[in-house]
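Two complexes come next, and they have one chain in common, chain A, joined by chain B in the first and chain C in the second.
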Partner chain A sequence: MNLLDVLIQHSPPLIVAVPLLGAFLTPLVGRINEKVRNIFALVMISITGFFIALLASDVFTNGPRVYVFGAQNLTLPVVRVLFEVDSLSIFMAIVTFILAFVALVYSWSFMKENDGLDKYYTLVLLVVASTLGMELTGDIFNFFVFLEISCISSCALIAFWVHKGESLEAAFKYIVISSIGALFVLFAVGIFYAQYNALNIATLANVIQFTFLDKVALVLLVVVLGMKAGLVPMHMWLPDSYGEAPPSVTIVIIGATQASLYGVFRMCFTLYSGAFQNITISESTIGLIIIMLALLTILIGVLMALIQTDFRRLIGFVAVAEIGYIFLTIGVGLVTLHDPDMIEVGKTAMQGGIFHIINDCLDVGLLFLVAGAIYYATRETSLNEMSGLARNMRCTTIFFLIGLLAVSGIPPMNGFASKLLIYQSTYQLNPIISIIAILASIMLLAIFVKVFYSAFLGPKISKFENVKEVSKSMLIGMGVVSCIIIIFGLFPNIVIHYLVEPAVNALLNNAQYISVVLGGV
Partner chain B sequence: MIYNIPFIAVVVMIFIGLYAVVFRRNLIKMVIGITIIECGVNLFLITLGYREGGVAPIYTSLPKGTRYPSEMVLPVPQALTLTSIVIGVAVLALMLSLVMHIYKHYGTLDVRKIRRLKE
Partner chain C sequence: MLSLESLLETLKTGSGFWNPVVWVVAIAIIFLLVYILRGFGKKDYKKETGQTQAFLSGNPEYEKKELMHVKGSNVYWGFTETLKSVYDVLKKMHNGNASDYVLWFLIIMAVVFIFVGLI
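And now, the complex of A and B:
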């Protein structure tokens, strides 16, 4: 067994352990020098990225990989904690890595003038570690633990600017919502343990009976994880916390939110897959309810974004609308996947949804980075006060235009590629759904054209005469995201073939997920 | 019936906690509500862990005449509860520190007077 094999074999725990170790070493390293500390955080994230790449290359060729903690092999009954990594998990890990890397590069100069930065870097690395843990774990209680870690550390990050009352308020709202949510996840875990004496997702998926208690647990899980992802009517915390967190970390918190979405995918399509097997379209209540809520999410997100005057809150509501698109595909998938005639529609929808996860992170993240750059240069967040910024901030304007086109699904940006898949599949289920989805996209374009006009165009204001372009590290951060957006937009077929399709197949191939764990016993 | 009393207590505690979080206007009372929900969930886990006639899985102090491992209880729910208690303490500390900062900033704990983020 050579070194590479050993590294690949141990990479699932290392992917979580490296940022965790980095988080607690950062205050120590910070004693030396600020520059060394920033480099140290970047190096830790890069090492994590290296392990993710190693594991991805293995998982995409050899199928899911299991890592058992505290034992060489599994024994029955499966009570050990284990990590199970399939293509969907590794896809989400790649998304998280990109976001974290960009956030750290961007923070370099954005947060320069703040103090307490040792804690800032610790918290960012903790959020990253817990998000990766949620995505890689194969144990439902472990999922709860990482969910709680991510909620504690994101809450502390949202309240990082303690001197502002609004950020405290947003943080309190966030922690109330997420701690209650996490407790209900724990309740659902208790329900599973009471019935099946197991906590392992694969084992549970194998034996699940869909009794009344299972239905209760399903509702709890979908509601709570939907709440953590920002599904209407539990979306009110999302624009607050996105809008009040320091803009450099909003992008990391978006990653944590997407991990909850991953949880919804995992619960609906892996854990409960066997239970949904014999349900036809008209009987799939939960799928139809999710479709309804997703349409509401899209509409409310867009309508609320129309009336906002604060730049970052506006993007927060756009983020709510984008989450709606992904939930739409979950609903369509649940309704159609078990019907032999419609299975192709369901597959297209899932491809669109999973592709849209990465596109949503990048597009909304880029817009938040642009809003942060404007705040950094002008100390202004209200759209009514901004004007003529394009004169002094050329690069930022270009990045904003890229983000604008991507988020509203205009070719050749990546948003178009995934939204087209969503429209196509929803149209075959019911044309009205896709009409609403397209309409919302057009309204998104209108909203951002308004923002573009009022912030970047318009007359010169004397107040902004000395505004300068932001410094290099922020431009690099935004540039990286823009490049990925354009590349994904120009070659969507390659991305779908190498990243999205394996993830969808892993999600739908439930038997393989179960057999990797239970077959080895 | 007597075995169902803990489960009834769990449901009652969760609803009391939810009531406090949703309808109380004082931030400290909301925090207390969350703690009550947490206690309810912990009680649920502990209740699930009870097996009639089982013994604790400690090899050195087994009662005479026990057949192991068939009479030993798998201590998973206890482990879960301990983890959940530790996490709960962390969340509680963070929430109270936030409440403290909010009080310093606004001089009140009434949610109606604190709300700035509307719409």
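And now, the complex of A and C:
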């Protein structure tokens, strides 16, 4: 076995361990020098990215990989945790890495005037480690543990600008909601353990019976993870938190939110897939409920975004609407995938949904970075106070326009390709769903035209006479995301072929996931 | 490895298709045509006269340019005013009270549980 094979073999734990180690070492490295600390955080994320790339090449070629911590054999007392990495897990890890890398590059200039940056970088790395843990673990209790770490570290980041009362309030609401949600997840974990004496997702998927208690656990998991992802009407924490966290970390928190969405995909299509196949009515019921909530999420997201005057809070509501599109595909998938006549529709919907996860992160993330750049240059977040910024902030304006077109699903940006898949698949289930989704996209465009008009166009205001373009590291951060958006938009087929399709196949091929894991135990 | 053919491949969506590269080329050609047409326009207009001033429904332009700015909250005023009753309900929902956030969570959990449990 050569060095590369050894690295690939140990990649699953290293992907979580490297940022975790980085988090705990950052305060020590910060004692040397601020620059060294920033470079150290970037290096740790880059190393994580290297291991993700190694593991991705392996998983896309050879299928799911299992990594066992603790006891190798099933002899009691067994203390062990399994990491199970399939194409969906690695897809999510890639998304998380991109967001974390961009956030750290952007933070270099954006946060330089703030105090307590040792804590800031520690928390960012902790959020990244916990998000990656949620995505790679194959153990449902372990998933809960990483969810808790993610909640606590995200809460601290939301409250980072502690001098602002609103930040503290947003963080308080976030931790209240997250703690209650996490307790319900723990309750669901307890239900599984009590019934099946197992916590491994593949083992549970193999033996689950869809008993009354399993139904309770399903509802708990879907509703809690839906709330964590921002499903209406449990979304209210999201604009509060996204609007008050430093914009440089909002993009990382978006990644953590998407990990909850990943959880919904995993629970519905892996853990409960076998149970659904036996009892199709319940599957359709859950699917239809999710479709209804998703439509509500899209509509309320855009309607509320339209009346916002705070730029970051507006993007927060847009993020809610975008989450609705992804939930829509989960619902369509649940309703159609076990109907032989509709299976292709379900598969297209799932492709659209998974593709939209990465597009949503990039598009909404870019808009938050632009909002951060405007705040950095003007100390202003109110759209009522902004005007004529395009004159002094040309690059930022171009990045905003890219984000505007992408999030509204305008061709040839990435958002169009994924939304096209969503529209076409939902149209075949019910045209009204598709029409609502398209109308909401048009409203998204209208919302950002309003932002563009009020913030970037219009006469130059005297208080913004001396506003200058933001520093290079912030421009690089926004530039990287913009380039990915354009590349994904111009070559969607490549992304779908190499990233999205394997992820969808991994979700739909439940038997392979179970057999690989149980065979590897 | 990525080949040129795979980069230019059309995305098939089951009931439709999408090729952004073809779209970009088509848009570039359209822009070129528009640019050529623009070249036929008159170049002898007079700057700083009524020929170049914005038409504001017959109202005079303010001398202080800042007053000309339409603020973010004024854009789409008609739309939001028409949907005032909807927005009143939505604003009541978004009251910022953490207890209400938890209440919504419990309500949705109860509703989903009833549907899944009964059917």
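The rule we apply is simple: the second predicted complex is superposed on the first by the 504 of 521 C-alpha atoms of A that agree within 3 Å, B and C clash if a C-alpha of one lies under 4 Å from a C-alpha of the other, contacts with A are read in each partner's own complex, and residues count from 1 in each chain.
Just so it is clear, contacts are C-beta pairs under 8 Å (C-beta built on N, C-alpha and C of every residue); 3 or more make two chains touch, one makes a residue touch a chain.
What you are looking at is a predicted structure, and each value in this text was computed from that prediction instead of being measured.
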item: First, second, both or neither for A:Val216, with chain B first and chain C second; value: second
item: Contacts of A:Val162 with chain B and chain C, given as first, second, both or neither; value: first
item: First, second, both or neither for A:Met304, with chain B first and chain C second; value: both
item: Contacts of A:Ile485 with chain B and chain C, given as first, second, both or neither; value: neither
item: Partner chain in contact with A:Met234 - chain B first, chain C second, else both or neither; value: second
item: When both partners are placed on the shared chain, which of chain B and chain C touches more of chain A; value: C
item: First, second, both or neither for A:Ile180, with chain B first and chain C second; value: both
item: Which of chain B and chain C A:Glu244 touches, first, second, both or neither; value: first
item: First (chain B), second (chain C), both or neither touched by A:Val335; value: neither
item: Partner chain(s) touched by A:Leu405 [first = chain B, second = chain C, both, neither]; value: neither
item: On chain A, the residue positions that both chain B and chain C contact, one per complex; value: 169, 172-173, 176, 180, 184, 240, 304, 307
item: Chain A residues within the chain B interface of the complex; value: 77, 79, 141, 145, 148, 151-152, 155-156, 159, 162, 165-166, 168-173, 175-176, 179-180, 183-184, 186-187, 189-190, 193-194, 197, 199, 240, 243-244, 304, 307-308, 313
item: Residues of chain C defined as touching chain A within the complex; value: 2, 6-7, 9-11, 13-16, 18, 20-21, 23-24, 65-66, 68-73, 75-76, 79-80, 83, 86-87, 90, 93-94, 96, 98, 100-102, 104-105, 107-109, 111-113, 115-117, 119
item: Of all residues in chain B, those that touch chain A in their complex; value: 14, 18, 21, 27, 30, 34, 37-38, 41, 44-45, 48, 74, 76-77, 80, 83-84, 87, 90-91, 94-95, 98-99, 101-102, 105-106, 114-117, 119
item: Contacting residues of chain A [partner chain C, same complex]; value: 169, 172-173, 176-177, 180-181, 184, 212, 215-216, 218-220, 222-223, 226-227, 231, 233-234, 236-237, 240, 281-282, 285-286, 289, 293, 300, 303-304, 306-307, 309, 344-345, 348, 382-384, 386-388, 411-412, 416-417, 420-421, 424-425, 427-428, 446, 450-451, 453-455, 458-462, 489-494, 496-497
